[in-house]
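Consider the two complexes below, in which chain A is the common component and chain B and chain C are the respective partners.
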Partner chain A sequence: MLKRIQLIFLATISAWTLAAGAADPLPTGMVRIPTGVYRPFFRAATDAKEIPVKSFALDVLPVTTREFLQFVRAHPLWQRSQVKRLFADDSYLKNWSGDLEPGTNAPLDAPVTFVSWFAARAYAESQSKRLPTVAEWEYAAQASPTSANGENDASFKRAVLQWYSTPASQTLAPTGRGAANFYGVRDLHGLVWEWVLDFNTAMVTGDARADGGVDAQYFCGAGAQGAQDPDNFPAFMRYGFRSSLKADYCVHNLGFRCAKDL
Partner chain B sequence: MKTLIYSTAAFLIALGNLIADQSSTNEVRRSCCLAAIAPEKPLTDKSVFQIDSSWTNDDSQSVRLSSLRGRPQLVVMFFASCQMTCPLIVSQVKQLEASLPAESRGKVGFTLVSFDSTRDTPAALKEYRAAHSLSAANWTLLAGSADGVLDLAAVLGVKFKQDAQGQYSHSNLITLLNADGEIVQQFAGLNPNRDQLKAEIEKLTKD
Partner chain C sequence: MKALKNIFSIAAVLACVATPVIAADSDISGVENAVITQAPNVPPPITRRYATKVIINLEVREVTKNLADGVQYVFWTFGGDVPGSFIRVREGDEIEFHLNNHQDNKMPHNIDLHAVTGPGGGATSSFTAPGHSSQFSFKALNPGLFIYHCATAPVGMHVANGMYGLILVEPKEGLPPVDREYYVMQGEFYTSGKYGDEGLQPFDMDKAADERPPYVVFNGAVGSLVGDKALTAKVGEKVRLYVGNGGPNLTSSFHVIGEIFDNVYPEGGTTVTHNVQTTVIPPGGASIVEFQTQVPGTYILVDHALFRAFNKGTLGMLKVDGDPNLAIYTGKEVDAVYIGKAAEAGSEAEKKVINLKAQVAEEIRNNPKIATLTKEIQVEKGKSVYMQTCFVCHQPDGAGVANQIPPLAKSDFLAGLTKDDYIRGVVMGRSGQITVNGKNYTGTMVPMNYLTDEQIANVLTYVRNSFGNTGDPVSIDDVKKVRAQVVSPPSQSAFE
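Moving on to the complex of A and B:
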């Protein structure tokens, strides 16, 4: 008898869990980005014009210093004094006062910066998440506050452009102050640059004309790239920026946010 | 002397294992932790071998990059079905191998790591080894997971991208690692300076 009650109890619990899971499969702080298509800004003649983006979850906000502090507490190998040089250059968490003291130059609510790609990946993994791909990031970032595709929204484009032409301030503002975009994601523009999983697939060779310039021999099959939308200056900036990065670089205005498969 | 220390340590560990095995056969973790204090030096901060991902060679063995430890390695990222620059780079590295003085040859390894986790199966790599006559003694051919490839490419500074036809665009880069897996020098392009490469290898394989 007791066993039967236990069984019923268990069944109820699992049914309840399943129902809850179906209603809200997203971890806290993430939103669902629906399936869509990303049109790469730069592509070679052999590249696909459109890259399908499968529905995924994306952090609403960039990872904050507070969150990263919890991570390095739990994973001492990622503390400033212990990190391996292979995985982060000597600017790693440079604005912090100590291993576990962010201090005044790294406000807890501001996005964490001075983090390498490896550190960002390790953080994401610790949360059972991952970094978004270029396609996912760009796809989510083209949404304006009112539309999934802000390409034709002049005021949105102007606001984004304005940020790209404003030098970064010394101390970063807290996350969450930017307007939510169509999907509810904030601060994709206007606060920090962000690492993406496949940043090292951006292959701007310095000369996009297929004329066998100096750089052509350094790449295989990369001689035929062209910008798809010369008007999209911010996208161009991001491509240029990504192609200049190395995975151990830690930079004052480069943070990250996480994504997750659904 | 070093050898003596190592063999003593190995003996002690073996002894420890034996004792551990006898005292508690159920304690599975015991052997793992003893292995962890193996007499090997820890990897240096800048060693590429710190990447802990698992790779598969053309003999279908699962290996870590740290298995390359012990002699300098020339590392090239490639994919076996490449019709463009990869065969060129591989043939250049082969020529370099042939041109090394006898005392250096055999003291340096050549490692090809594939971008193509899907198509470069152990069989495909084996075929590649045969087609290009890459000696078993000196050449290692590896394929890994997409994540492992991303990590290694990031560490080496190799950029790559798969296009719609499944071909990879990628940097042409030859990386020389020392015996500890630290990057000594990188040579970009299709026409790396062979004399300089040779000189660097000879420097590393001198003693």
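Moving on to the complex of A and C:
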């Protein structure tokens, strides 16, 4: 087991080293997100007000079941019956019919879900990519269809919020149906939640009201005082959702997409 | 984890200090699974006289249900319904709580029980991703009726979507026995559409922040306690309502029209006040109200901030069956025409009115289309007279009251009467023994001669064509004729 962790660790380092050193053209299916600044939704008094985001490449679409099927074919250790429990809980690819048969509950064009953070990261490495960070993901996701920053666009925020009022469906819609945002990225909102590399760094305790209270030094968290924009309910929910996760969790509405250094 | 440790340390301290005093109760013996119920039902009273370990499993479901007829909403629920399942434990019990977040849910959730002494009321220990389950334990230190709710960010939205319910911690000695217990919880819903706009309604953040809900309802939907779903009781029974307010924003002025609360445990605590008309229940608060029913009829539960009741849905019903008690409430005794400044007799204005009425009557007589409809119209109008004047004794279904009030439904006695007998019965009243469908009745019916000719004609047409009876209509002229024969209607004292 230890050996496996080391392998992943080494693989990560080598992937990053390679990516950093190369000046490849943009891979297909990715768009370039320009350099900018992300203002964290939650932040402690000691945290930086703004986080610089270096230009990076981001998948236009979430990873689909079809793509993940190719991955588990090439990497049998990530097949449902083979996966180590340490890296994925009992729900791993639960909606599939078999190791290599997604079946009717997991349409090939729909985003892959019921995948753990470990599995998502292994997939990204297999593509010489990585998972985006919270800052990168949120920075890309605040773009509305018409503007790099949709934060003050009430109709955009309302449209994003709409997803939470839509009944959860057993089978997910195909990717690519959502409108492209300012950068050309689709489905960041309205289809599935997405894993990010540092999902567990959001300091939300689970009790939304305690955060930002007496423990402010540790948790700026989900308490409204710590929030940069208390009206931004979707951001509240994304931060809340991420902080409820552990890296081996596999969840019905949780998929991922990949990023890459430029 | 931290919360759990604190609870344990509190329990440990209490055990050290208080053991000699409450030795019998500080011990936990046995394990049981909690009986939990969906509103308006309440789990049975706790009969055991000792503290035990109670295991509670509560499942969080995000479900699409009707908020009103034709209006759907995605509710976030504890147990599949709004309000959440009713939990009943005893003071001193140790509760092992399992919060199960269904795998189809989109959101992480947790639970803050106001009955918990410890940080977050359990919220920090129960934060759970979809498809997962959390466990924590607490000791029910304080008796009372408490709210529980979700406290996951954004808290207001989780609560506004229906994530609240009640937990009753019964005092060690139990609550006084009553005949009926019910569970009612108020909450408001912030839909993007107006009240009654059909289809799936999304949550509206702006209305929630401005505290402008299109819906304020009992038990999660307009009409959840109305008609077939009304609460029921019998005359003379003691009724106890556990009433909570999930909010998230509005304070309830809880009132039952036509009842006075004999006992109220304000804010769900242990002090009892008496003879209360309306009790205030804040969001995140609860109240226990008790009353004994005295008079049959339908009692309406409202938030006495009345536009909520009549325009936003905060209406429920308690139907009380049983014998009338005229000493407490008579029903309507007099319904007389009152015309403020009526046209004076013999004046030009009065002549015009008479003229107009005659024209209308003539018009109806000469129009066969309308004329054939008159019986139905009379039946319809007669029903409202019946439901104001006659139903208290003869009952809404005409069945009467055993041994006291003769039935009107399929009555062989009525079948043997002429139309004029019918009219005479109403105008003059009736006393002495009669036999109806083989049973003897000796009661007295007071004369209803305050009714207008038209009201009598209509109500008799209704009776002759309802409850399985069939007969031709009674006209105003028929009534006029009989009234003229009755030279001097007997005064009421003749029957006393």
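Keep in mind that, in the parts below, the second predicted complex is superposed on the first by the 217 of 262 C-alpha atoms of A that agree within 3 Å, B and C clash if a C-alpha of one lies under 4 Å from a C-alpha of the other, contacts with A are read in each partner's own complex, and residues count from 1 in each chain.
Quick note on the criterion: a residue touches a chain if its C-beta (ideal position, glycine included) is under 8 Å from a C-beta of that chain, and two chains touch if they have at least 3 such contacts.
All figures in this text were calculated on a predicted structure; none of them were measured in a lab.
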item	value
Chain B versus chain C as contact partner of A:Trp117, first or second or both or neither	first
Which superposed partner A:Phe236 touches (first chain B, second chain C, both, neither)	second
A:Gln170 touches, of chain B and chain C: first, second, both or neither?	second
A:Ser244 touches, of chain B and chain C: first, second, both or neither?	second
Contacts of A:Val63 with chain B and chain C, given as first, second, both or neither	neither
Which of chain B and chain C A:Asn200 touches, first, second, both or neither	first
Which of chain B and chain C A:Arg158 touches, first, second, both or neither	second
Comparison of chain B and chain C by chain A residues contacted	C
Shared chain A contacts, counted only where both chain B and chain C touch the same residue	222, 243, 246
Chain A - residues contacting chain C, complex	91, 94, 157-158, 161-168, 170, 193, 204-211, 222, 231, 233, 236-237, 239-241, 243-246, 249-253
Chain C residues touching chain A - in the complex, by the definition given at the top	62-64, 73-74, 103-108, 110, 112, 119-120, 123-132, 151-155, 157, 200-203, 205, 209
Residues of chain B that touch chain A when the two form their complex	45-48, 50, 82, 84-86, 150-151, 153-155, 157-161, 163-165, 167-173, 188-191
Sites on chain A touched by chain B in the complex	44, 46-48, 84-87, 117-118, 197-198, 200-203, 217-222, 243, 246-248
